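In the two assemblies presented below, chain A is common to both, partnered first by chain B and then by chain C.
Up next, the complex of A and B:
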């Protein structure tokens, strides 16, 4: 078969496959996907955090830049919970008892200008992973998921110029060696190789931008995905103004036949930062619009849309949860029965109502949310059966019985007020105020303060020395479909740090820590899910956190759009799969 | 007069130093978020947080940080780089300044024209139906919060989401710079201008009405009429000129409030201006950006006050500066 005919056949097959994927994925509305046109996205919360692939970690970064402009070793189809090879040719080959992972990448994948004549090599992925450890890149997950790379410490201590555990025997092979089996690299425990740290970055081009206090590579980056940020072709971004606009155009170097993403639109224009009510109304009544960086529209708009524009809504599980954190190092919360009493006295339906009601999520009965491996093993929607966590409404009698077990004779707390730091913005503020009212049933007095969200986290709840007793406005989302990204950071005592501490309950149980470390090393999917489910039962039983909602993401679309939500990215729209009808 | 202006300009510099110092102190004394932790992502290790803190210079004592900042600002006119996105603060501020100036100046023109016009008509047609109607409406306009009024205006009249859409009243997010498309610029700002101007128009109308009623009762007005001057000349050359002096004072002082109002208007109408930038930077504890926006805001307020003081000399011949 001539080469061109072969390519044409591959292209046809790829298009057919893409069409089947879209048909399988469904979406926010009916109608056939149509190529071309401009997608407009309305952001309300600031848009992307950074242009640098090494920094991307949050939903809007993934939605607006990662899935559209770059390709990593592995990617995620909108409805899939297993990774799809993207730059890689197949899933990783695991050997050496789980300590060696070998990946082959496709040849001929090209960068955008000014490196349009250059192909992606595994050395570029190696450098991309290495630069994720540079402070000027400030990546938030590399030290968590790539911690066991051979030679990492030497590299971080500047005793080595590269990470020895990342080897590139040729331009299309990457060999990763770790000091112990790492489930996250084998996909048993998730998909750390599908994160933006594996987006290729050519070292000789990027290194000059990676000098200084903060890397500026993001503003000069080269792209491998179907789109690129509008630029001058000489390595300077022109289509981005922080908190104003982000314009994506077609990447001429992208070869559709090598990618699983259909990328229907010709252009994507993201505008920031509209008032959320106005943005929601504009999306519902306008054309070519998808909702951007907000998880749900304001309650009045949502109620109205549910009654008259339901086909313009996409309500999907976000794979995240909301919980109230109880600091186990602050009395009386060091007593498990007090924590269970608080869990029992909470009316979760009221808390959910403060966010907009049942559309916004399912009442949580344990920590792991639906969609995460181990959820079913941990009891599914009904939960493991802990009496203090089973009832969606308050059970004051049960709460008082737990208080009696904790030594409070009449079931009512008597002691100093507990420092409680809440978010001062709606709807979190209303949730915290409802919580404050509910715990009065067991006599709990709170020293209650409301502060901005960022202050709540970085100055209070995540700073152990502040000794905040209760943080009622916390939530966590999955990095991928493994429970490791939930259980390990939040309950492993080894992760307690002086600032940015997400183990806000200050859980440090050596037995639990050891079990978590063992679970992280499992490279078999089924065994891994069972191990994490067992840990979920344990942490739920100890009531370190009171999970009260498994979140939904509510996306909005205009009538002429066929939005496709991404399961991997918390139910947010996947722009690379969405299209005009 | 020149000496007076030079002396006032020197005071402007002192004042801006004081403003920058107070902003710095507030940032460090009041609970605000930790920029290093925010920058380090959601699962940061302590080494990373400390390295970022060092890179941003946050590990130095606050007075050292302040000194470094002012040195860069004074000698290089460098406002530093945003903690949030590592882009030059000066670049972002000057990029957004035209939008804020467009909003504020347009609103000022509208509230001065409508406020003075309505004030004069109400004063000379005292107790008429027109007077009572305009004063009633002004009371509503004063009471309406800008944010609420903006949303109501959009829901009623905006071309995209309005119940009674007016094609030339463009909705939120439609702002484009004047240099790009003057027509769209004008149409996108009409609603924000009227919303921001509403309460000021009402206030000025009531203020001028009261002043003019009082002035029209003065002896020199009676004398002007006795000399046979036309009523129009009496009102505009003698009455309004005297009654408007307090309005000019108020306009200078109100510029600060107007700039405060632009934060809300820029938010509702999604106009990429300084007001919205300052709000976002406070939310993100982005100190260089907070400093930059506060200093620019303070600069415009003190300059506006200076202009008002100079204008006095032209409006009131009794005023002389030395």
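Up next, the complex of A and C:
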């Protein structure tokens, strides 16, 4: 599960990049939203991962399918950081000391053909959540966020045919019972009830597809959102060719009056996979185009666009960060002062420059990125004030003083070289090579290797047995506005696993673990934010990870478009709110 | 050539050259002198040799040159040579070849890259020549099952997808203490090993062919009938006659090896950062080619000129040593 969370973060980060600095250019340039027309989207990174709502987790899944073709219990308006009831009528009612959550849904919401005569019932949402635990669906987050459901263990062990903790007293009511209070289910620290696992899936229709090795429901799904993937009306998708095209058309069963999404376009055509420079130039000079799943446009394009086509750029904080991981089980990184020395000696401005400079993000002073609950409590942009973490440039004198505290007489490291595994693709490799050069100032010797990104994670950084000392190219993205999705998988010792381990610093402090478990149970927004902020301060002060950048997402739009970036989805365009001018 | 053993015919090619000059004043020229005379007339080969001498000089004195020109060292990163987007700046007085994405001086890196290329070229070529000549001579001289064995090994190695093998081995050995109990260390040694391992086969084949014909020559038979040992025949009779092909083919293998090293480094399995290598610089340059042409041009030109120079010199040597062939 943490693995998938990281995969999510990779996907999210892959599609990342730019700043608070130049906030809110997107959608600018005036012009009223106009209904109709065709939106064209250029993907460069492969497009969506799966058609199955139970699988959707990554930025492109959310952007291209989730917000356009389906409705969940809750959704997010593009500029909102609190959820908006979508299928639900109101925010959930919490009772029983946080262990019972009650939700009512709208009646009369219909599915697309061939189930056009059927309305959405809470039983469909119950099944949707249950199928997220099926191996055929390969969901990445359900075991994390829905872990405390009553009767989950029995269901997973096949001793029960359903999850007892999900009850549907009538067609419009869903009652969720958990074994202990769960903040993620009450929107205290995020919104696991707004994730695609709550997209209704009619059991009697879908069950036959949820068999075998892999569910094929995605290819036969019925839609509730304003659009549907082009299909033959008999439950077979025709508008999708993997890594080539994805065509969305209007869903005749969708009733605008029940939804908060305006859905201006008549048709959305997503094509894959152009070269990122070509795609960026086409989007800027063409018509009806929005950038799809690609990372920040190549620097030359970005540079010229910033000077002459600034109103076609949207630069938003993405809710993701980048950090250098220091393995606390490898000497001398077990010493907090050595870790602080490394944090002090790196030049964050230079590291950011390797990615394209200030447009690509804000220099991080603590672990939680902006936009996440708890960010402000932890000190906001200025951070909690740790001397080793707050300077954007290198502070060699301070670093040496920490090395002296760690017992290195002249402030210089002496000892064996530290195994460092970096990404071999630009711009990550430049970042790592800059890091390699910077730590020489405290005499740190690295046994430095560059490998492909996937190898770096699956063979080295996420495998504790490899004892990789330093991983300079890691990053994390938010699942929703949840601090839990940052702190729990990365710093909770209970989450250390032999492979796919995202607690790369191998942090296992019983006191910290207990505090994390407590914070997860808080169902009050303010208290939750304060608790996570406190944890953020602790992990920053321990310098397990050295955060150095809070990423921005850079979106591009054609001149005749009024693109709307989604705060919830890492600053990527929200197709259901964007329109022609 | 049916006469009995005649010491002057020991090196038949050069003897022929002497007979050509018979009409004019008869001067006995040693084979070395003849070789020099012919090479002196080959201006292209001389120019190539000149360039190689220059390159070796640059590589040996790289630190000194870097200091004299007044640029920063090959691994020194100067963020001020980049703009706020991280775009590198082009050739200027402080950086004659411009800088790369990390603000490292391209001139210094090209210069230090020459060291890598030459080191790989010379060491790997020496190893492959040593192995190739030894096994080639053994196979050609003893024939029989020894020849069959060695030839089949060569066939197998020649059928190897060399680049893929190189990538595989290099990435397998690029971690920790390397492979084979630390014999093949990550970085330069892996590259040298891979190149030597695959390249000896070409030389072995050529030497084997030469030995197969030489061993039937009268002087060898005479030597054998006088009771000379195999060792004496191989080292005293055969080896001197193989000097020409060895020199020519080593010179021709060197550029291949340089390119092979560049390919491996281009693919990221060769020389590891922060050390500079031309192949690795070319790979880095591809992503910013349209803004930083200098980063691809200079290492590319250095690679091209070096390979060209070795090839031209090899051709020249070939012509000078074997005037009857190839013209």
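What we mean here is this: the second predicted complex is superposed on the first by the 552 of 581 C-alpha atoms of A that agree within 3 Å, B and C clash if a C-alpha of one lies under 4 Å from a C-alpha of the other, contacts with A are read in each partner's own complex, and residues count from 1 in each chain.
Criterion: a contact is a pair of C-beta atoms (placed from the backbone, for glycine too) under 8 Å apart; a residue touches a chain by one contact, two chains touch by 3 or more.
Since the model is a prediction, treat every value here as computed from it, not as a measurement.
> Let's test your reading of the overlay: on chain A, do chain B and chain C clash or fit side by side?
Here the two partners, once superposed via chain A, fit next to each other without clashing.
> Taking the superposition as given, does A:80 touch the first partner, chain B, the second, chain C, both, or neither?
neither
> Please work out whether A:303 is in contact with chain B alone, chain C alone, both, or neither, and reply first, second, both or neither.
Second partner only.
> Does chain C touch more residues of chain A than chain B does, or is it the other way round?
Comparing touch counts on chain A for chain B and chain C gives B.
> First (chain B), second (chain C), both or neither: which does A:358 touch?
After superposing on A, A:358 lies in contact with chain C but is clear of chain B.
> After lining up the shared chain so the two structures overlap, which partner does A:350 touch, if you call chain B first and chain C second: first, second, both or neither?
In the superposition, A:350 contacts chain C only.
> With the two complexes superposed on chain A, say which partner A:450 touches: chain B (first), chain C (second), both, or neither.
It touches chain C, and chain B stays clear.
> Applying the touch criterion given at the start, work out whether A:244 contacts chain B, chain C, both or neither, answering first, second, both or neither.
After superposition on chain A, A:244 lies in contact with chain B alone.
> If we overlay the two complexes on their shared chain A, which of chain B and chain C does A:426 touch? Say first, second, both or neither.
second
> Just to confirm the value: shortest Cα separation between chain B and chain C in the superposed three-chain model, in whole Å.
Comparing every C-alpha of chain B with every C-alpha of chain C, the smallest gap is 6 Å.
> Where on chain A do chain B and chain C both make contact?
277, 451
> For chain B, which residues count as touching chain A in their complex?
31-34, 36-49, 51-52, 54-56, 81-82, 84-87, 92, 95-96, 151, 154-155, 160-161, 171-173, 267-268, 270, 272, 276-277, 280, 282-285
> Could you please specify the touching residues of chain A with respect to chain C in the complex?
277, 299-300, 302-303, 347, 349-350, 353-359, 419, 424, 426-427, 429-430, 433-434, 436-437, 447-451
> In their complex, what parts of chain A are in touch with chain B?
Listed in rising order, the residues of chain A that touch chain B are 42, 46, 49-51, 55, 57, 135-136, 138-141, 143-144, 156, 213-216, 219, 241-244, 271, 273-275, 277-279, 281-282, 285-286, 451-455, 457-460, 462, 489, 495, 497-500, 502.
> List the residues on chain C that touch chain A in their complex, please.
Residues 75-77, 79, 82-87, 101-102, 171, 174-176, 186, 268, 272-274, 284, 287-288, 290-291 of chain C touch chain A in their complex.
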